[in-house]
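Each of the next two complexes has chain A plus one other chain: chain B in the first, chain C in the second.
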Partner chain A sequence: MADNADHIDGDDNEDVRAQQNLIKIKLKSSEGGIYECGLTAAKMSDLVKNMVESLGTDAVVTTEPIILGNEAVTDAALKKIIEWVEFHWDDPPVDHDFEDEKDRRNEELSHWDKQFIDVDDQALLFDVIAAANYMDIKGLVEVGAKHICSKIRGKSCQEVREMLKITNDFTAEEEDAIHKENAWIYAKD
Partner chain B sequence: MLNMAQQMKHFKTSLETTDDGNEDNYRQQSQIYAKDSLDRFGDDFCALLLSYLSLEDRFRLECVSKQFQRTVFESVVDITFSDEFIKRLSKEKRSAIEMVAIKCANIQTIDCQEIDIIYKQHIPEVLTTFRDNCRHLSDIYCNLSVNSNQLLPTFGPLITRIEIIYPKDKQLLIHCHRLSQLNINSLSEVFDSTSQLLVKNLHKFVFMYESTDNKEQLSAFVAHNQSLTSLGVWSDETSPEMCEQLSQLTQLRELRVNFGIMSGENSLSESLRTIGVNCKQLQRLSLLLMYSTNLPLNLKTLDSLRCYHILKRLRLVVYKPIDRQLLEPLKLCHRLTHLTLFLKQMIYKLPDNCNKHWPRLQYLSISAHDIHRECLDHISRLPALQMLIIECNASKGNHMKHKKTSLEITDEGIEDNKQQTQIYAKNSMDRFGDDLCALIVSYLSFEDRFQLECVSKQFQRTVFGSVVDITLSDRFIHKFINENKIDTNFIIGTLLLATIAIKCPHIQSIDCRGISAEYEKHIPEVLNIFRDNCRHLRQIYCNLWPNSEHLMYTLGPLVTRIGCIESMSESDSLIHLHRLSRLLAVSFNDIFGNSNDSLLVHNLHTFELKEYSDSDIHRLSAFVAQNLSLRSVTFTTTDTMTGLSAQLSRLTQLRELTEMSDKLLDNCEKHWPRLQYLSIKARIMIRECLDRISRLPALQMLVIESHKL
Partner chain C sequence: MELRKMSSDGQNPLHIYKETLIPLLEENGFEVISSSEDICDHNRYITRHRFVRQTPLRPDYWQKNECPVVEVVGIPMGHHFLIIHAIVCHSAEDCVKIKIKTKEDIVCIRRKLMDEFVVKLIELLSISINDLPLELKFKILSLLPIESLFKMSSVSSLWRAITLDDQLWRILVRQHFPVFYSRGLNGEDWKSVYKEAFRNRKLLERRKSWASRGLPSSLIFPALPPSPPLLPIMGPPFLPMLPPPPPFFRDLVPEEVRNAFPNIHRPNPMSRPFMFGNPDLI
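== the complex of A and B ==
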């Protein structure tokens, strides 16, 4: 009996999530743009989730939009982020009984995520990642991080600097010293 | 202007904070960074981004910037030692290993289970260095084998996983108080000589159980390992007593059982029920049933799966023809997300309405002899399916229909499924993807490809991709002349040729050495068409025929092989062939300029001379000096070869030497250390000569043509 009740609960939960996603709330970017997003999807952001919980769902739905003040949350970035959460909100939850943290880290991105994150405009890409971090959307930050790491895999330091526009603040001597320390990484048989 | 400047420049945002936001950040970090530069991120966030790099990449990228240096090792919390890693580190001084350990100070877990036995000796030293420098180190995964004696007393308290252990080492387990994962062969391996249990409070355990095994041992083990969440059991038969014991492990989340079934199955059904009723947390079940022959199948066997309400993943392998009814109980497993079925000789029919019963099923893998169309219908309706694998292994029967496998569906699920439900017969080439198809048709001849182009769209896409070198024949050229019979000038069907060249864009080399004098005049036009359409073309093999001078002037840089020089007057155009590597000449007159007697060819790899005479010795010297790169040389001569020896000995790169005289072999092993092929003409082979040959260090093939006058 207990098991049955539990079971029904689970299905109910899923229905509730689907129902709630039909409720639209408004999110406001740092540039002032206001965008609609399903409630369940928006709550993938822990920042939004906490705000909704402290204000109460009704208040959020009827009153002012939720303001996302961080400058990385531009209009374009927020649009991308909403696209991502609207696609992923019904993902199965993480199963804590099985320690899959390491597996998940090593898992390749899905085809959809790869296409989603493959943004030509690097400024926008960084905005999306930074905004996802500000809004505390762990899954999306992971997608961004995996994307960047896959792009710099196997590249030389100089290539990485050029690609990610990183200023080299080492002196030549400092750089040499590090190379020497790490020489074993390049060693051949 | 202002707007643009705002867009371009941005303040560094240390984005850890979710609270106050702007003001603090702006004041502290007034330095301005471009928005598309990684420099805009603070250390914490940078460390998070870089946490997906491999260990090797981290070391390589450490000196990208000071920020990288500060952050790139921050997130290294677990490392898996590979053979390569240990091999490299073991060659370094201790200080180098120390440096790695100091840089990766946050390491908590070290996995050295994969290390090959030959590198095991280095493990204690490396582990010691890491333990001394990484104060968070708390978990070591390893196998017990050589030098376990050395390893365990010191590292025992840190070891939490062991995959392989030799029975003779079992006493060492007493050092591993915190062990949580262990694989063993027999339960006796975890009991010492006085029957004391050596391991307690494990979380994950794999063992083999034989019906003759000591029941008390199992009972004692279960009593002291109530914490188990994952268990794997291999057993030769289903023993109700054993299952009774296992059912007391109420914390189990994952159970893998491989059972042999020797007698009636009622006990199996009963045993499964006992486990299902008691282990209420069980979410993953893998059931492999091996039947001894001729045992009838009991339709109720899997009935007890009804008790496994919260099962999320089920893997079912049954080596026995089974009936569809057997799967009916699975209808009640509403929470299934992953289902793997490997059922022998079953006509697959999933339960009707499985889309209703399994609303969350995202992974379905089926291996079977035949898939019923109706079954595919059911599958296509599963609402949450993301990954579908169908493996068919029918060995006979043409009617078998098969689905393309490995359908990675990452987006819409059902819709995609429908697209890919197209069915291919196993004996149809349509089942192959383009890559495999291209590989298969790459063995076709050039002409066959054109004939087969319209076999299918897939053929059209793939049949020309692998054309990289073509050999032009008289017949080939003749065809294009015929196409244009109306034109009495025999102008080649230019358009048609261009079509061919466009279809074969990957052509790299064209061989037209076999074209006879009658058709030679068409070669320039043909080559020009290919050159214009095949941008990978970089090698042309041809002959120098009368009036080829103009062609050599334009295509010379592409010509790498010359088959023969048909007319002495043409040899001057050799000067245009900078990349020529292979040449066949009649006499030295061919390769020395007609006007000033200067050498026309340099840096050849293969050279063949039909007529060498002793009077050529000065030219030979000049030729050798400019062609020290020669790897293969053939000289045909009837003369005495005086002086030839001295010149040839300068060619230290030689791999092949043909038509050699036995007189030229003095010190051959010194001159030609790389010589692999040697062909000699001699009247009588003398012993001394064979002696010399035997000293050639790289020789692989020797041909001796001996003939008495």
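== the complex of A and C ==
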């Protein structure tokens, strides 16, 4: 255990990462549920990573679970998040360089991610996204945002409202005015 | 009581409320915290129950650190209808209402209660896309094609306000038109920058498509505005070609310098160049 702790700081060596992922740490949801997660996987969350680095692995592993106090981190959301990080922990690190960002934006989600994020319960979906945002897991936030986008794309206003359960609070006149204001996007010159 | 006796025609409204609705709510995570006796309100029987539901919840409830109390009221209208109201306490706008025809088959009634009442009530209490933090809303909008973004701007006033936020347009300009982004703001807002960049791109695309058919764009678009900046200016404006270098170095020295030091660069008629075998020295 102490041996692992020596490697804790930013060692990207694959073997070390794999070995560290055998260490299980406990994460506690805002509802009180405690779930185990591999250390390397859990560290995909910048929040957990900072926590582990400031507490030291030994403390984290052997004693109390890390408490994720934000209410978006429900039991169900945390289970989903752990499922995601446990699948993705050995992904190559993402370069957040701007040049790549355009490509990343247009990149389709992998088949696994699509299946993972396509949940029937919308509240769970938004909890997962909000929780991933709180835990600072950029990759998962991206997956969630892209999934919502793929659902919005190509739909009419009314279809979007129905899908996302948004109440239309505009009068017909107001809606017309907005359409006119936005007309430049369809203009021919 | 009296109503129960008169329920020969279809379901008894109170029976529907108690035997169908309440169990349905309980199956879906609602817990009864109180119920009041049927109250005789002139000739109507009203029954009310208070519920709480633990999870999942909307963020505004997290902040208050409380569970919303939902009051469900069943009002039989004669023997043929049952009206059910659910009001989320302390929030008058949050209510769900349904009218049930008691004549219908109990299976249909149950399905209707589930789809049009319980599900809506759960949605009312649950986190929705509106509750995501602003940065996530920006993130979602910035990943959308611009046409879909405009659709989002007219779904509701909340989303309209978000799509008018210039911070979003800044992100959009940065992602869609990095060259324009690097020029920065010039007294305008980012939305105007986006508009300009968007128009330019469209114009360029059309010119390209005409050019690919071998047609000079000037023939096709004789009435184009005189000179919209087709390409953003990156550095100083392009300088005209310099004239070829002058033959004499002195010509490069500015006039004033030459006048101040008249003897520096002009051949001085009084001094002769050093020559091996200077005739004066001989």
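As a convention for this text, the second predicted complex is superposed on the first by the 164 of 189 C-alpha atoms of A that agree within 3 Å, B and C clash if a C-alpha of one lies under 4 Å from a C-alpha of the other, contacts with A are read in each partner's own complex, and residues count from 1 in each chain.
Just so we're on the same page, a residue touches a chain if its C-beta (ideal position, glycine included) is under 8 Å from a C-beta of that chain, and two chains touch if they have at least 3 such contacts.
All values derive from a computational prediction rather than experimental measurement.
In the superposed model, A:Trp84 lies in contact with neither chain B nor chain C. In the superposition on chain A, A:Pro92 makes contact with chain B only, not with chain C. Of the two partner chains placed by superposition, chain B and chain C are both touched by A:Asn133.
Once chain A of one complex is fitted onto chain A of the other, the partner contacts of A:Phe116 are absent, as it touches neither chain B nor chain C. By the document's definition of touching, both partners, chain B and chain C, reach A:Leu164.
Of the two partner chains, chain B is the only one touched by A:Gly69; chain C is not.
Contacts of A:Glu31 after superposition on the shared chain: chain C is touched, whereas chain B is not.
Among chain B and chain C, the chain that touches a larger number of residues in chain A is B. Comparing which residues of chain A touch chain B with which touch chain C, the overlap comprises 71-72, 98, 102, 105, 122-123, 126-127, 129-130, 133, 141, 145-146, 148-149, 152-157, 160-161, 164-170, 175, 178-179, 182, 184-185, 187, 189. Those residues of chain C lying in contact with chain A across their complex are 54-57, 59, 62, 122-123, 126-133, 135-136, 139-140, 143-148, 150-160, 175, 178, 195, 198-199, 202-203.
Partner chain C is touched in their complex by these residues of chain A: 31, 71-72, 74-76, 98, 101-102, 105, 122-124, 126-127, 129-130, 133, 141, 145-146, 148-149, 152-157, 160-161, 164-170, 175, 178-179, 182, 184-187, 189. The touching residues of chain A, when paired with chain B in their complex, are 3-4, 6-7, 10-11, 46-47, 69-72, 92, 95, 97-98, 102, 105, 110-113, 121-123, 126-127, 129-130, 133-134, 136, 141-142, 144-146, 148-150, 152-157, 160-161, 164-170, 174-175, 178-179, 181-182, 184-185, 187, 189.
Taken together, the chain B residues at the contact with chain A in this complex read 10-11, 13, 15, 18, 21-22, 34-41, 45, 48-54, 56-57, 59-69, 78, 87-89, 91-92, 96, 99, 229, 253-254, 280-281, 283-284, 309-310, 312, 334-335, 337, 359-360, 362, 408, 410-411.
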